Amino acid sequence: MIRFESDYTEGTHPEIIKKLAETNLEQTIGYGEDEYCDNASKIIKHLCNNDVDIYFLVGGTQANTTIICSALRPYQGVISADTGHINVHETGAIEATGHKILSIPSLDGKIIASQIEVLCNIHFNDTGREHAVQPGMVYISNPTENGTIYKYSELKKINEVCKKYSLYLFLDGARLGYGLMASENDLTLENITELCDVFYIGGTKVGALFGEAVVIKNENIKKDFRYNIKQHGGMLAKGRLLGIQFETLFKDNLYFKISLHAIKLANMLREAFNKAGFDFLYNSPTNQLFPIIEDKILDKLSKKYTFSYWKRIDENHSAVRFCTSWATKETDVLALINDINKTIL
Amino acid sequence: MIRFESDYTEGTHPEIIKKLAETNLEQTIGYGEDEYCDNASKIIKHLCNNDVDIYFLVGGTQANTTIICSALRPYQGVISADTGHINVHETGAIEATGHKILSIPSLDGKIIASQIEVLCNIHFNDTGREHAVQPGMVYISNPTENGTIYKYSELKKINEVCKKYSLYLFLDGARLGYGLMASENDLTLENITELCDVFYIGGTKVGALFGEAVVIKNENIKKDFRYNIKQHGGMLAKGRLLGIQFETLFKDNLYFKISLHAIKLANMLREAFNKAGFDFLYNSPTNQLFPIIEDKILDKLSKKYTFSYWKRIDENHSAVRFCTSWATKETDVLALINDINKTIL
Amino acid sequence: MIRFESDYTEGTHPEIIKKLAETNLEQTIGYGEDEYCDNASKIIKHLCNNDVDIYFLVGGTQANTTIICSALRPYQGVISADTGHINVHETGAIEATGHKILSIPSLDGKIIASQIEVLCNIHFNDTGREHAVQPGMVYISNPTENGTIYKYSELKKINEVCKKYSLYLFLDGARLGYGLMASENDLTLENITELCDVFYIGGTKVGALFGEAVVIKNENIKKDFRYNIKQHGGMLAKGRLLGIQFETLFKDNLYFKISLHAIKLANMLREAFNKAGFDFLYNSPTNQLFPIIEDKILDKLSKKYTFSYWKRIDENHSAVRFCTSWATKETDVLALINDINKTIL
Amino acid sequence: MIRFESDYTEGTHPEIIKKLAETNLEQTIGYGEDEYCDNASKIIKHLCNNDVDIYFLVGGTQANTTIICSALRPYQGVISADTGHINVHETGAIEATGHKILSIPSLDGKIIASQIEVLCNIHFNDTGREHAVQPGMVYISNPTENGTIYKYSELKKINEVCKKYSLYLFLDGARLGYGLMASENDLTLENITELCDVFYIGGTKVGALFGEAVVIKNENIKKDFRYNIKQHGGMLAKGRLLGIQFETLFKDNLYFKISLHAIKLANMLREAFNKAGFDFLYNSPTNQLFPIIEDKILDKLSKKYTFSYWKRIDENHSAVRFCTSWATKETDVLALINDINKTIL
């Protein structure tokens, strides 16, 4: 079975497993205060080109929870697309820390500045506003859960409305590499740092065994962040494991190279779906593709390939998700394309 | 610098890093539902010899939090030694989920059944009991944070008082291997399963890169446990990383062999401290030693070795912690013993 | 200024203030264990005609929070209309106890059984369901925040889908009296007890100074409920204040009589709005009316009367809320009707 | 039966019930924004002689919870005497909002500045401090749960150590009137305002039906405090009930006069216990007395009087609590004294 269901079906980039093996019996101090973490931080800070703090956490839900509840007061909530990972895919982890998610309808995973403006305008102009949750933060993911990405101009407008209403802006970059390498992208790490208060660079889905690098620009969120990490179970004893992985990923631009690899293969696959006449549920320029396919064809493909079932479209069609990743082999993509072409004949 | 400050200064046992490298580019499904996790579970279930569920989590604080808040009702608290890890070393992670820790004074890290009995007796016989937190669980660690261990008879008595007052019994086994291999120990994994509702077998401090294997016997705690894991950020995307590690540790008793290694070296070191005339703060038969040493001597030793500062004893003496582990080299212990002998001349 | 903005602009029914004055210097034990609370409980139990527990709480948000977090496990959420009081008007009090609200779109404040069925069907049939909040309870209000009410047959169907998916059914009766006395109503307290696991009978908006009577039928929610009350700050020291109020309200059907008074006046007012040619935003048969009125007319009325601004309808029209209550004077309603008729000439 | 078990066995001061009756059918806006609340605030602000915000809450647990979780960050805890009401008598209400109580041993209910200093010194100088809860606030009660009170000099020293470590100082004044009127007292409302960041003036136990007046001096805690009140279920719909009560209590110094009444009767009773040769468990100069009495004598007294059982002292003696209050009748105290004298013959 060839797996296209997600971008975390393999272990880690060979450079990382090699480095972990090489350093395995070295002795270091624990909890992320070792040299590997320091080095990785320095490299990432340089790319962000700002006075930021860097922390390495094990996974995405942990990162989202720790960041959001570090930033908000108890009566504040976080604005998110209704499709946002924190809203539908984290078993209420955010609410478990006491915060409501103020969801905004989204067609493709993105929200736009004017939606935030409307919501805040209603809240802050209501004389009975203390009866409702106060918006305190905006959460966006880039790429989104649907593979779409924000343009610089869109992010800039969101940044402006956040400033206007004193909201923190937080970007979940679980798949950031695939976003930055997409052809349509016009954002850099430096831009993101400039426009957001906090974001993270995903490792789990982009070449690491596990791990997300949290980048904090806002001084309020920086304060005592390690206490928050520990309280949420994110203070890895052998913190160097994260340092080693991110040092390897960012030392020679490995992160960007392997992301680009996934994008190239996704582009090949997208073109094949297009040629085969399939529509897409979302217009994703990144490594996740959401073709709408006849159920009969899906049955055939599922004999040999795995993919994620996404949504029923009509009696005979479904939207599914195919992912490429840093680890996807070109031969597997070519085989899949070949089989697609065969099935539609 | 030779490190004795903790049992997590190295990476992982060479067998594990080898296995991780070998399986690195295999494709598996995520979130702990792969074959490696299944195999590891089967082996551990066999050792526990009971109808238990096994879940693999990344770290100790995460395991403690997830277990405790899965078991308790909102108005219930968990009884713990005041020295318990959850009470003093987890930044209020348990309270962050809403539960009070009902602490009991402890001299050496252990609590005894009669202390629990007294506390429960007072609570449940008070007509105004609903004004206080209801005891709902007992938390013990074995070995304790001070290296001491429970005897079968002690654990049996705690089990009985727990039954009497409908308390869950939870054993934190972050260093369980070192406890089970101590000369004084008379407990087995099967005994612990028999006497506790839930416990975990620590990997992070006993040969793994990271990871704890949670063993649940009580049906109430089993129910929907994966939801709780996810909510607390513990659902590792590449869950197989934990399966591979625990399969390797338990397949050929590697866990017990490497624990025994640490105990043997700790015994050598204990004898050396004894001969040198040092008292111990706690009577630990496991891999953590807490000698009381003149500050002048500590100054000398700290040029070459790291250890944890524990407590000031008097103007000139301090208690410190030296740990051995699965990774400690005999030559390093011998060097340390040699230097101890030299410094006291 | 004559106030129609809400049903809590006055103090309490004269019988209650009289009774409070009469008993004022009596000595009783505290925390709701006095004879007045006992008597009030007995009367209400008799009306519910079931083996229920009764608890008296100070207010609605407190009642909602205490009930919901008594019933749910940490990873469970509560299904509610998106217009539900807990979803939009309690500053995230439910989320502050860790639970997500799973909101369902509602046009008039009500939800229907098939909406719950769809949501549960999706959740419980998803293999990755542990990544999402598990539905654990259904929250409805009757009358709703929009004045609408449930028929017996509708509530019965909701009850059935709740049983099918093991959901608790909780009815918020902050304005229950006004619902039970509406002409369209076909429910009794006994029916509600039969069909719900827990509900409360609102006092604050129906004649009491403050207070809600929580009626619990389900044994799981009954268990240790007083601990939950205390933890949420609802254990009133002078608990008898609540007992005296509810005893007075239910002894001679006062609660129903004064509710009927409000309904009669609402009916007069509704008819007047109708005659004046105004549409209504919601089709409310209870004490809250939501006429859609030209802004110019509203300006005139607001010189003499208060009402709640609800929603802009178009450039020149708004929906507003007028409430009658146990305390509304017929002369005030007649004056208002007179002024409505004058303004539309 | 004559009740001395607590200071909340009666309703409210006759002036208050009279005022509630007089204003009963007036119409006001809700949620504490009426004129009665405004007036009460003004009077209390004048007494505090500082730029403070005043909020009226229903009860003590609610006030403690709302204040503490408004002030603290998620990883911070509150320092309290182990005997503190929040630590032992509120069913974990503080922990339910996520915060650990850092308890300090106390013999008589008070803590002293040097205890706080030691605790903070250890925490903030530890390199691994992020593994423990950060002290963020000091909670004291005055009078304490044991009837003892703080002198100006003691409170001043606590204030200084709080400033040194950036801790908020919060004084729980559930029985503040009885403290301020005690002969030994040298504090005023103005002093307390000067030395604390936030405190509350208890009404429930000092003449009100219910209610506590929260006084906030610190700007950080003032910010958005009404959101916090609402989230914790403390936004009383008919907020004027609190305004009317506190206006009545503070308009003509009624609060101080009725507190003094209780103190005078407590003094008579204390003298009688002294003369009868009884020791006291705590040296309380306020309205709570804790005599140590032979069980045989207690048996006799309990035929006619209620009191609270506090603690077994030895095989034949117990400490009990007798309270006087604003409502205690001198004739009842004289009868009790008479009976004490008879029983010891």
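Here are a few things to note about the model shown:
Letters A, B, C and D mark the chains as written, and numbering starts fresh at 1 in each.
Here, a contact is a pair of C-beta atoms (placed from the backbone, for glycine too) under 8 Å apart; a residue touches a chain by one contact, two chains touch by 3 or more.
All values derive from a computational prediction rather than experimental measurement.
Under the contact definition, chain C and chain D share the contacting chains A, B. Distance from the centre of chain C peaks at B, each centre being the average of the chain's Cα atoms.
For the touching copies chain A and chain D, the fraction of interface residue numbers used by both exceeds half; the interface is of the same-residue type. Separating the centre of chain A from that of chain D, both taken as means of CA atoms, is a distance of 50 Å.
Look at where the CA atoms of chain B average out and do the same for chain D: the two points lie 42 Å apart.
Looking at chain B, one finds that residues 74-75, 90-92, 96-98, 130-131, 134, 227, 230-231, 235 touch two or more other chains. If the chains shown are joined wherever they touch, the resulting network links each chain directly to all the rest.
The residues of chain D lying in touch with chain B in their complex are 74-75, 77, 88-92, 95-101, 130-134.
Across the complex, chain B meets chain C through its residues 31, 69-70, 73-75, 97-98, 128, 130-131, 134, 224, 226-231, 235. By the touch criterion given at the top, residues 1-3, 5-6, 8-12, 14, 17, 20-21, 23-30, 58-62, 65, 90-93, 96-97, 204-205, 209-210, 227, 230-238, 241, 306, 327 of chain C touch chain D in their complex.
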